[in-house]
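Multiple structures are listed underneath, in structure tokens.
In what comes next, chain A is part of two complexes: it sits with chain B in the first one and with chain C in the second one.
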Partner chain A sequence: MFNNGIVQPLWYNGPSPGQFYNFPGYANNGNMKQCHETNNSDSTRSTAMITTGSSVLGIKFDQGVLIAADTLVSYGSLSRFQNIDRIFKINDNIIMGGGGDFADIQSIMRSIDQKMIEDQCYADNIAMRPKALATWMTRVLYNRRSRMNPLFIDVVIGGIDENNEPYLANVDLRGRAFSDYVVSTGFARHLALPLVREKKPADRDFTLEEASELIRQCMEVLYYRDTKNSSQYTVGVCKVKDSTSNQCDVEGPFQVDEKWSFAKMVKGY
Partner chain B sequence: MDALDFLETPISTGTTIMAVEFEGGVVIGADSRTSAGSFVANRVTDKLTRITDHIYCCRSGSAADTQAIADIVAYSLDYHENQTGQPATVLEAASEFRNFCYNYRSSLLAAMIVAGWDEKLGGQVYSVPLGGMLVREACAIGGSGSSYIYGFVKEHYKPNMPLEDCVEFVKKAVKHAIFRDTASGGVVRIGILTREGFERRLFFNTESGESVVQNTLELKVE
Partner chain C sequence: MSFLSIDHFSDYKVHGAQRPDFSPYESNGGSIVAIAGDDFAVIAADTRLSSGYSIHSRTQTKLFQLSPLTVLGSTGCWCDTLSLTSLMRVRMQMYEHTHLRTMTTDAVAQMLSITMYNRRFFPYYVSNILAGIDKNGKGVVFSYDPIGHCENAKCRAGGTAGPLLQPVLDNQIQLKNMNLDEKDKPILTKERAVSVASDTFISAAERDIYTGDFVEIKIITKDGIESMTINLRKD
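Right after this comes the complex of A and B.
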């Protein structure tokens, strides 16, 4: 590893331990916050998030997973598209909820759909499992971020793994993956996560009824407290039906049960 | 995403464009102003651009970018029609627009509304905003002028209007946008796409398009 006292890079053109590493595609203008897409013209317009989806919430229960997201895609502060399903059925074992830049979500969905078609073409009665998809997403997103050209997305992937075990994970734009009984993106991370964790029984998983009630409560809170959330949402359900098959659907759209009548008790400020 | 929040606000694109599905086809509309900063470079622009005989697109954003993309997509679809022996579907056209707008999103400023009629699904309107996502909408508005008519459209849009009501609705909406948006102006160009093809209509503030000056005081010099 050491050669004449200078540490060799870990791989060709790779980082040298102890040395400052300039990532490829990184424009040396001193502004660490900017991400540039290398393009043919000399344009340095950053690829920011433009049309965005807000929070996604996933909850694992004893027989499967629920993933919920509202049906709004915003354009800055404008509630631009109000009837968009952000929960996707990937195959009979996997559902996915997408938040962040929606054009990037649509792009990754095209790649995933192609992957599933390939999977079907093998005709081996084996469909991809959620953990495999989550791992693949992690690799894709990490590689993109390492090339300073991220997909600005934050996704929740869930479903039924081998041995009929429910699986739930969250992968973000940096390629950071995290698996737990409750995961979320965006505002839900601040508002919904503590709510669900508080209600979790110490000795067992949630039941479907408990998980559904939590989804309902969390969607209500998110609607009240997140400016970029709307009151309409869809829920993906993936649960074990019997030892050989699962029931995997996207249900909805549902409406939040809004409570405003107490407003008349508030006067003045 | 918290560190990059300041990048979140999108840029408005000068113009007003609109497309509405109705029973039997689509009605598209746009203003006619191309502005270079504060200067009106073209006051009679045609923003309703032909892609195929049954598919048109409404262009907003950089005039150069949108013209270039529209030309490429029109060529590509013509080739595709030649290869398949069948007219292109509206979704095929919209997908091509999306592929361009998404893959080159950092170099382009283009937000399009693709509308048309095909045998498979009838009249369809697809929105391809900045960033390059694709979504079908029954009533789509775009451009900087659209901000001023979200309320108007919400109030007055009804699904499956008859043709003349639809034309009246689009004309009024674009007119309202022109009224308040400085980047929109000129005439209201309307297009109607059905199984039969494309029909154009033009509306100005004055019936004939000529200037009408009323009640001026004549300056008498003695």
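Right after this comes the complex of A and C.
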């Protein structure tokens, strides 16, 4: 606005005096791709996502569900916020893990928190169940995608349903939803999901011990192989307490026990 | 001050908020086969939900029982399938409350066509096949295109392996190119329909990466719906 051609840029790639810094997703010329080209950026991140959370992994066991995610929220390839909990306790029946654009996660969490306040205001001892929340999420996300203005998120919703059975589901940015004994988002879909499926006994559910050991192993694999993962993670646990009540907690942060002794053996890079 | 709009403050406009590079559609794979007999209908669908090379779930049913005599099979963009089937359920419930009876399969078939055409210019990206017993007690199959064209058929294959399976059904169920006299043509039995349906899926799982894991078969008769599951390749 104030750049009349006389004022020189203050520093390389920085804003001119009176102008703003060139944030990701913000283009002066209105074209994201050109914005990238003029920045000589060789990153191929999506132009739509700005602050992003990486994978979420959820595993169902005989008495409940576990959902895990690391505590990193990235800004492009910068590990910008390193201590953010991406697992949320919704109520005593539901936990949720969120991946994708973290601003969109925070936005949907504000709506969910408001829903839970309304739910509590009835004071009828009936709390929302995970399937109801997952279905509501599909409607919100589907309507946003139909207006071509999606929330760039991929969430895992788990908890205990009205029959005291564990429930675990995934809802993505288009409103695609499904329920399974293991669901994941992001890189965990490629790295962690096969590890969990491999260990699944055909005739029974996982036990809590098996599920938490799998979570530990998978978070370790994700930390080693996904560049946008940190070594710190939190785990949401939702389990049946007794016939009338359930318990949800977000535990951690836990630390991946890193073993780098093999690093000196690696040659050829 | 009405002349001051966001257009006058270009610095504050967040470009890309509309996210023009986003695609609202995704193919989640899956196949359906439906066969109509004299007094029964058989409909089968695999249970794999995938996108690209990822398998999201191996146990996702694609058959939706809309009434005691009507089953809808739906594949394609799974989020559209979810929306369409729940909208169908709502409208069928409204019909039931208004007219105090369950919708017939023919009425559901017509309504599905209209519901789909309502989104003519932003279609539900789904391949639908409706199977059931009509008001005369006969087995019927209706197939649809994504914008709501409806066709009554004797047998139909749809979804990712649809083009692979349809010629097999034409030959084995409708006995096309068999050079049989009318009197030599056998009457289609339930057992024959089920075995052809399961065989087509076993073959499709060999060649189509989006079809596999399990095939769920529903046999619809006036007395109710019988359900069975058969294993398919899981790779």
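Everything below uses one rule, namely that the second predicted complex is superposed on the first by the 218 of 269 C-alpha atoms of A that agree within 3 Å, B and C clash if a C-alpha of one lies under 4 Å from a C-alpha of the other, contacts with A are read in each partner's own complex, and residues count from 1 in each chain.
In this section, a residue touches a chain if its C-beta (ideal position, glycine included) is under 8 Å from a C-beta of that chain, and two chains touch if they have at least 3 such contacts.
Quantities reported herein were computed from a predicted structural model and do not represent experimental measurements.
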For this session: Based on the superposed arrangement, let me know which partner A:Arg176 touches: chain B (first), chain C (second), both, or neither?
Result: second
Exercise. Is A:Thr138 contacted by the first partner chain B, the second partner chain C, both or neither?
Worked result: second
Exercise. Regarding the shared-chain residue A:Arg189, is it in contact with chain B (first), chain C (second), both, or neither?
Worked result: second
Exercise. With the two structures laid over each other on chain A, which partner does A:Met148 touch: chain B (first), chain C (second), both, or neither?
Worked result: second
For this session: May I ask you to decide whether A:Ala48 touches chain B, chain C, both, or neither, giving the answer as first, second, both or neither?
Result: both
For this session: Tell me which partner A:Asp62 touches in the superposition: chain B (first), chain C (second), both or neither.
Result: neither
Exercise. After superposition on the shared chain, which partner residues are touched by A:Glu220: those of chain B (first), chain C (second), both, or neither?
Worked result: neither
Exercise. Who does A:Glu210 touch here: chain B (first), chain C (second), both, or neither?
Worked result: neither
For this session: Check chain A for residues that touch chain B in one structure and chain C in the other, and list them.
Result: 46-48, 152
Exercise. Which residues of chain C touch chain A in the complex?
Worked result: 10-11, 13-22, 24-26, 28, 49, 54, 56-60, 77-79, 82-83, 122
Exercise. In their shared complex, at which residues does chain A touch chain C?
Worked result: 1, 19-20, 25-28, 30-32, 46-48, 138, 141-142, 145-146, 148-150, 152, 170, 172, 174-180, 183, 189-190
Exercise. Which of the residues in chain A end up touching chain B in this complex?
Worked result: 33, 35-37, 39-41, 43, 45-52, 73, 75-78, 80-81, 84, 100-103, 106-107, 152, 154, 173
Exercise. Can you list the chain B residues touching chain A in their complex?
Worked result: 1, 3-4, 7-10, 102, 104-107, 127, 129-135, 137, 147, 150
